[in-house]
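To keep things clear, I will list the structure first and then write my remarks on it.
For clarity, chains are labelled A, B and C in written order, and residue numbers in each chain start from 1.
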Amino acid sequence: MKKIMVLLLILVSIKGINAQTAEELINRVRMKLDKVNDYEAKGKMRTNVIFIKAPVANVKVYFKKPNKLRINNENGISFIPKGSVNINLNNIFFNSAAFTIIDGGKETGSGNRILKLLPEDEAAGVVLSTLYIDEKNAVIRKAKITTKESGTYELEMTYGRYISYGLADKFIFSFNTKEYKLPKGITFDYDDGTKKENSSDQLKNKKGRVELIYSEYKINKGVPDAVFG
Amino acid sequence: MLKLLRIELFKIFKRPRTYIAFGAIAAIVILIQVALKYDGKSYVDLLLNNLSDSFELSDEYKNKLLNGYLICFVILNTLLIQMPLLVALIAGDSIAGEANMGTLRLSMSRPVSRTQYMTVKFLASVIYTLALLVWMAMLALFGSMLIFGTNDMVVFRSDGIEQMRHFDVLWRYFAAFGYAAVALTTVAALAFLLSVFAENSIGPIIATMSIVIVFTILSEMNIPLYDNTIKPYLFTSHMVAWKGFFYVKADAMGTTINGSIENLPAILKSLSILFIYIIIFFGTAVCVFRKKDILT
Amino acid sequence: MGDVIKVSNLTKNFGKIKAVTELSFNVRQGQVYGFLGQNGAGKSTTMRMLLTLIRPDSGDIEIFGQNLNRHRKSILRNTGAIIEKPDLYKYLSGIENLRLFATMSGARVSEKKLMEQLEQVGLAERAHSKVKTYSQGMKQRLGIATALVHDPDLVILDEPTNGLDPQGIADIRKLILHLGREKNKTLLISSHLLSEVEQVADAMLIIDKGKKLVEGKVEDLFDPSETILELRIEEGLTGLEKIKNSSLDAMIQESRNNSIFLKVHQKDVKEILETVLKMDIGLISFNTKHSLEDYFLKLTSGYSYAETSSNRTF
């Protein structure tokens, strides 16, 4: 019995020394993100949706505290998925003033800390956010956000030069799409004989992906409200 | 030969009826442009209906979508179906009209060989067809580009969306107009052939339209029995292949490859089938006409 | 002077209808050649074959000493024609039509020449009006101008006076004589009226149902010994009886109603009339005509002298 007590004490003390509590970690992440009041970023966007063939788009992304975000394709057209506002990671915390944090321990392999955030506000659109946090750098590497109405979004971040601001160089944003079908009457289709690779199975897999690669951030240089329309 | 061609063109462009077609095209194009200028949003909403749940579709976005390139695509889709009538109006009149007026016997008692005469007549019909298309391009393409501006082009198909960069569009239109010229020349050749048999121009014009309509219906129907037996050989099945220039290739990531065409061989195959039709129609017309007794 | 047109054994059938059968005739250089026949006799078909509009079933056509099929272009370059009523491009003006056909004939004709041509047919003032505003006579004259615009040696005119008023007919006749006599052109002119052809033609051919009836020089065909003298007498048979009992009996060709037809020599007409008057047969009127006219009508239509001559007065 004594032995067990000692073992428990040792375990608790190790945790206390090497690891931080979930709250502390979230706070560190938030503080880092808080350093950014606004930014303007240039980047390239690739859309990968089964039924869309879209060219690579040059986009500008604008952010302003607390949660304004805009992706602009200034010399072209891009299908911007709903929920892409969540590439602003602040949004995760903005959705609800308070939430319950469940510590999910460490992810095997990457060693990222898994934290699940449950908003306490019943009316919140987000039901659950699962964050995979790099403890050392206090940045979110991966996030799964489950919403009431639009299904689950997934975010994957790769950090580089702007890691100190918690800003990623590369985002991969995955989202759900509805099945796409238009009546031939309005599309004036012509069958050019190309066999569609998307078999019905693939069409059911209605995951879309948007990849954003930023080349440059201008941080805290001020962004006029007008750009957010 | 050039002199004779000049005469034929002179005759065509001196006739009031010739300008009906130009007027009709202008009317349709302008009507569509006006409609889309003032009510384009509802058309775009119709196209985007399916996507509104998954994508941010602001009004600004819809305005960008409804640019000159998309407008021209809508116009071409609507108008190219009507064009055969306008082409038949002149090509069907080519020989039958002269027979009806009694000028055929005057022309054919001149030192002009019948083959030469037919070639010149057909060329004149083709030039008229090209003139119609150039006119249409001016109004539908350049007109729309002027009124609606340009941007990336998004083509909505029933099972997918083709998107291409704004700098990757214009050449596709030139290719499409070029293709449409061949497609309409096929109709001209058919009307021309029928024109040889008739003594007034109404007959060949109506006959041409009837054939085009029946064939188009057959081409559009999805009946397995016809899909591999009749459909591949109907010229109407191949007349719409110009749309293929607006279907792009994508890489493994689903990214549009600039300057690509989804199925160029299919377009080229359709093109050669149309050329074969033109040769058959025109060749038969010449053969029949060479042997024909001119009794009108 | 040689033959400009040489037609031998020309035959054309349209299905079961025999349009032209074994027709042969020659037109000599500088001749005005009349081509006579009722409507539907095969005149137009023959003329169309001469212009390569219709392909003969058999037979040969030589024009300017060359085979028509083999030298079509060079022959037609030197031939001008109108077939039936000349329909022109109604939406073009007179001078535009003329220019167009000149070009088709491979001729370069100056604007001045075109105007001269129009002047010749009396259309100079209307040169720039659209043909649809022309009267039938004006169209006819413009048609003839288009046939002559490239100055051809051979002119083929199908019923050139059809639909014209008397003044128009006289004008065309004058033009034909001018072309034939002064310009030394060879003309082939068809008509269904002998009276029209006999005044201008040097030689003529009469066809019926596609077959040749008579061909020859007009002076030979109009043999003076073949004159018909028609006598109209008062009611009753005594007049006819008196003539039958006289020396004139042998000359009687036919008698019907109150008319008696005698075949006489032209030079004897005066003498015969004097004899008749002396016989007191109640002569009301008399009338002479050449037997060819009646022959033509009789052969081509089956009419008798009486039916056709009743309204002719001398």
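Note that in this section contacts are C-beta pairs under 8 Å (C-beta built on N, C-alpha and C of every residue); 3 or more make two chains touch, one makes a residue touch a chain.
Since the model is a prediction, treat every value here as computed from it, not as a measurement.
The minimum number of touch steps separating chain A from chain B is 1. When chain centres are defined as mean Cα coordinates, C lies farthest from chain A. Centrality by Cα centroid goes to chain B.
Rounded to a whole number, the gap between the C-alpha centres of chain A and chain B is 48 angstrom.
Averaged Cα coordinates give chain B a centre that lies 53 Å from the centre of chain C. Remark: chain A and chain C have CA centroids separated by 101 Å (rounded to whole angstrom).
Here chain B touches chain A in the complex through residues 46-47, 49-51, 53-56, 58, 60-61, 64-65, 77, 151-152, 154, 156-166, 168, 240-241, 243-244, 247-250, 253-256, 258, 262-263, 266-267, going by the rule given at the top.
Put simply, chain B touches chain C in their complex at residues 3-4, 7, 10-11, 14-16, 101-103, 105-113, 291, 293-295. The touching residues of chain C, counted against chain B in their complex, run 14, 48, 51-55, 72-77, 79, 81-92, 96, 100-101, 103-106, 146.
Listed in rising order, the residues of chain A touching chain B in the complex are 46-56, 75-77, 79-82, 84, 150, 175-184, 186-190, 192-194, 196, 198, 208, 211, 229.
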